[in-house]
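Just so it is clear, A, B, C and D label the chains in written order, and each chain counts residues from 1 on its own.
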């Protein structure tokens, strides 16, 4: 007997997809009203997601049957497209909603020009809809489609300022993305050829460690690594995120990259789980260490505020890779990884928004000449600092909890007798110091002596949203238990 | 020429022909994407990769006796649609970029972030890596 | 009688010190300064024996009491401070910074009175420290270079004494298990504890070889300050010994012999070095060293002859009182040099007051000195001490002869500085203070003889006795010889503060060595230039590397490499 | 749980105002002052209530689940109250002082915001009931202090800040790792007198030793143990109230308190002795005491000399803890309070000299006693207290440390005490002597008069009151150490209550 509200879940899921698509379509149809539609839509979608997750948590009883699956148009798998809702997707949906809402509010202030508005809102709403579908779809090919939707709208958003740098960044972003999607698609095709089904659950049931699976795993993983800007395939990220308008960078670093990583995680938790070998874990872990070091060093080198933040994304994703070998030892670690991505997304988005405000006020984001504005805008510095603390993984933020759990897992492997575990522990611990170093770079100028000049006036939204989001990121620490318990409601995953 | 192809086709089992061909196309496309500097060529390279994937997919559809698998064909069609739209979008971007910078090559990568974006002349010979740039110079629009 | 009075005695000067400090230059306050010693005197005179009080909340429990020894020392200390204070009032009359002098004066006074009443280690240490450190202010008051030098030496030795005493007390209290002085002494401190206590207190008592602050501090300090320093404060070390050393039925032969040795050595060396000094107050300082040597020897005797310890301790006490008063009077004498009266009777009185304390110290019959020496030698006649100690009595007499010579030397040097005051009017206050102290030279023995305090068998015979005469005569002869022998000159043959000179030389050499090491001062330093250049180069390298990664060739290569690597690792089972 | 709210209230009594102050516009001075003093006062009152409650024997505990199996625990035992009340009292004073000190200087909202944050973190440290909670507040303290260190914004200040972060963050990381490791081994236990690791003693002896070293490194940086002390003297560029906060109320104390907690409430003195950990700690503390005293002798800069003296004085606390006998622990714990009171006095005085007469070097102090008698008197009391002369606070400590050393059978520690007292005298007496007895020829130049105008007292009353207050406090806690409510009395109570273990009879 399912608890009250459970019967509403399927409708809720389908409704969410429908709603987000509808908003996007409407905004595209009436660009004149795009921002109003966008705002209302953002509120509606957020509310919907929150209600949905509440119902889910209330209904989701034991991890085995927690997932709710909806067949679109009544076509069951293998023919039909399945929507798939479980703890993992709920968590990411909520994350998307929070960041999305914040970004929308911020954009109200940031995108003021009428023309820009018409271009921005539809694209952004498409992106959001794509993300929602990505997290909901339980079908390999469908995942490819949603990935494409997300990347195309993201690319468009990157290019939308229209400067040479932006467009060029967008082109590189696009080409890399298509490359990634194609190799992902190739993998999908191979799997389909082997088993004749696309539905992840069915695939998971059928896969065993065969050559084709291995080939598919390699193709899909590599493609997704490219899309998730995992070291050393990260080079497209800095120019794209650096030259995109602030809200877009926020969404890209916060959500889009996370989306790709979500897919990697999803696949390796389910379909490819039997393929994993210790050597594989170590390789990924080493890539992670490389990401941590390289990204941080580049962040310490970069001269522009937004590129620093972009590189810090590269570095932070290193943690996720480092967590892979830990997952092989203690499968439960994957929940920590997801929690980490959530916290990171929140923090990173707020940093980007703050950076956007500063850039808008100063007219540029060259760190060297940013001191005056930083001094005049303590609120932004505070947001930068607060989110930065979360990135460093210091208390009392979500970052700290995530770091704690990661470190716990790492030490667990060491105590379990793995020698290379020491490396993972060192990386997890030391990454915080590097993060501290580049966060300090961003914040320190505001403490230097010198004249303060607020620069361009910015709207109220731009002034307060970053701080608000940063606060959320900081307080996410309190949601640690809740998140982990929600994630526990994921069938199949350990 | 045709004869040769047919002999190849007959010698190779159909089950193996399509995957192999697809893989080859995929690899070729990747190579083109890497080596070519004119953006249009790169987009074409990507399309070649795409058709490689679809070729494999069709091979899957054609596998076994009887009528081909409708699902696979449906997937192929969808995939093509997506690919076409992506290509169109990419081309639009390239056109825009060419309007802005006067040539259809990419600006250099991240490390330019201290340099003003407008003057790409300084970075130009860096663009996508030194000497290769010379190769790309002749396929710029005159 | 309420025990709280005991607390009031040291408290009164403290309170006044605060007021004088906060309201400098209030004539009325200044006039009260000497009289803060009066309660001590009254207490010594009137308080019933066994008066005591315990204050648990003060420090870690404070115990004050008045015992016979304490009574004698209290009387001496309070009286001397009172007289010297009165002297100071007029002597400091036109000193612009006199209130500063008075503050330190009052603090030292409080300490000196308190340590006599203190019956537990903490309180004793507290008042002892208060006295020693405040006395520094008196030593350097004049602000002359020689005063600073003397002050430095004094302070270093005082602080050293403090910490040694502290360590000794900690050890002793730990082994005793409680902090009462009586209990500590009863637990017979030994080993390190004993050494530390002897040294820590010995510095104050001018014990060889830690005596050398005296000949520097006394001449540097203002006259009344030297009077109390030499008369009362150095007795604190003595009192400490009497309270803390294991002077009981068992005795302590080793320590006793050691103290005898040091004491007698001090007695003679003090004379020898003192004789060749030129400045009156320096000569007096050396005389103090030699006299303290005699008292040290007395303590040693008490340790060697346990059964006679009662009499000996009483004798040492008596000697301390006698010496304190006489020496105080002599220092005031040095301060009276500018008061040479014009009138004949005045001059007679002046001469009398000058000679009395001197003769007393020399031990002329019917003076306090005679009584003290006799009482001290009392037990010796009976006892036969082992080894060289059997000649103790003779040695004591010889020391007395030396003292005579030394004092004659003092008077000789002092007389040259005599002058009549500008206005010719005698300074009454100085005369009273001086005279009363000088008079004690004959009044004290009378008092003791009439109302002999308990534990002090005084017979009339102790007041005279020809045994005392020959040392004095010998001293006169010696003085004559030295007169012939010393061709007087303005710089002493042995520099003032003999050992201090060596110590200072050593210190200077150490400082020079330290400077030669050229250790960097602990300052924050900037990152060295080389590192900064290196950092810039690293930045450039990183930039180039990232540019290489950005090439499409690299991307494709890495992409394929990634696929290959993944595949291989997946194969590795 | 009912008592838990009191703990939260104590925490928020400074956190709330602090956050409010951040968003105050610069010119709302009145409101800011009101918030500051209000917060400080409230905290003081609440701590008083808590004190009474704990004396009554009530249980106060607040816990909040952070992660599965990991809780944020606030609890009030006698020891935590010792630290809490110390920081509460001193914070009140420091706030008054800071208001006076920063009068008319820019960016005060930022300053006081972080200032309050610091103190909230400190109180959190005091009240934290397990290692993880401790770590959380400890790191918050690190972050909240940095803006204060660099407040002046000069290149030197920023350099000092960078160094400070480099040291503290690294050590924080070591601490973090160690704590996670310990928690993996022993579970997330709360602090328990006598420690909770006895079970692991024979199985994991080596691991425990390694962990102890890691923990000591973690805390040692803030506690400024040689050779981890370099940041402290350099952090002197900060304004005087901050130095006071760093040295007396918050940072250094947090480190020392952490060491106390680890030795007594995590490992337990007996286990620590058994594993031979206290001996090592003892040696490190002794070296620190002597080395930093010598360094202090070699600087002419007043504040820097004070900084080095802090380094050596804080090690007294650790020395006492490492002696691991009741008397030693009493000495260490009571010095936690005494050093705080004394050192804050000294820093206030140094600040007054700098603010009022622009004097920073000891060689310039000649004759200042006549210009600023009260401040100089306070300085004298503080200096003598540091040397350890009765009846001042420092003496009580030294006396107990000495007895404790003998009690634990380590007489050489007494030698260390003697040496360090000599050194203390050597570097603290000269400024005192110059101040009172030195002669100054040229007239004073008075920056304060320049911007604040003439004052009735020797300096601004908000600068004068705290100095006099803390100096008097330093005198009283020593003089009336015998009282039950004195720090000594309270500490003895703690030791009786918490550490009366077998073989530990008082």
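By our rule, a residue touches a chain if its C-beta (ideal position, glycine included) is under 8 Å from a C-beta of that chain, and two chains touch if they have at least 3 such contacts.
Predicted model only: the values in this text are computed from it and were never measured.
Trainee: Of the pairs B-C and C-D, which shows more C-beta pairs in contact?
Mentor: Greater number of contacting C-beta pairs: C-D.
Trainee: Subunit B to subunit C: how many Å between their CA centres?
Mentor: So the centre of subunit B lies 100 Å away from the centre of subunit C.
Trainee: Quick one: subunit C and subunit D, Cα centre-to-centre, how many Å?
Mentor: 37
Trainee: Which integer distance in Å separates the CA centroid of subunit A from that of subunit D?
Mentor: 43
Trainee: Can you compute the centre-to-centre distance for subunit B and subunit D, using the mean CA position of each chain? Integer Å is fine.
Mentor: 67
Trainee: Got the subunit B residues that touch at least 2 other chains?
Mentor: Correct list: 30, 33, 109-110.
Trainee: Pull out every residue in subunit A that's touching 2 or more other chains.
Mentor: Correct list: 179, 235, 298.
Trainee: In subunit C, which residues are in touch with two or more of the other chains?
Mentor: 543, 546, 549-550, 555, 559
Trainee: Considering only which chains touch which, label the overall pattern as line, ring, star, complete or other.
Mentor: Topology of touching chains reads as other, fitting no named class.
Trainee: Tell me, which pairs of chains are in touch?
Mentor: A-B, A-C, A-D, B-C, C-D
Trainee: Spell out the part of subunit C that touches subunit A in their complex, as residue ranges.
Mentor: So the residues of subunit C in touch with subunit A come to 539, 542-543, 546, 549-550, 554-555, 558-559, 562-563, 565-573.
Trainee: Per the contact definition, I'd like the list of subunit A residues that touch subunit C in the complex.
Mentor: 176, 179, 183, 214-215, 217-219, 221-222, 225-226, 232-233, 235, 275-277, 279-280, 282-283, 297-298, 301
Trainee: Inside the complex, what are the residues of subunit A that reach subunit B?
Mentor: Residues in contact with subunit B: 78-79, 141, 144-145, 148, 152, 155-156, 159, 162-165, 167-172, 174-175, 178-179, 182, 185-186, 189-190, 192-193, 196, 198, 235, 238-239, 242-243, 298, 302-304, 307, 366.
Trainee: Give every residue of subunit D touching subunit C within the complex, in rising order.
Mentor: 156, 159-160, 163, 233-234, 237, 295, 298-299, 304, 308, 373, 377, 384, 388-391, 396, 398-399, 402-403, 406-407, 411, 414-415, 417-418, 421-422, 425, 429, 433, 436-437, 439, 478-483, 488
Trainee: Hey, which residues of subunit C end up touching subunit B in the complex?
Mentor: On the subunit C side, the touching residues are 543-544, 546-553, 555-557, 559-560.
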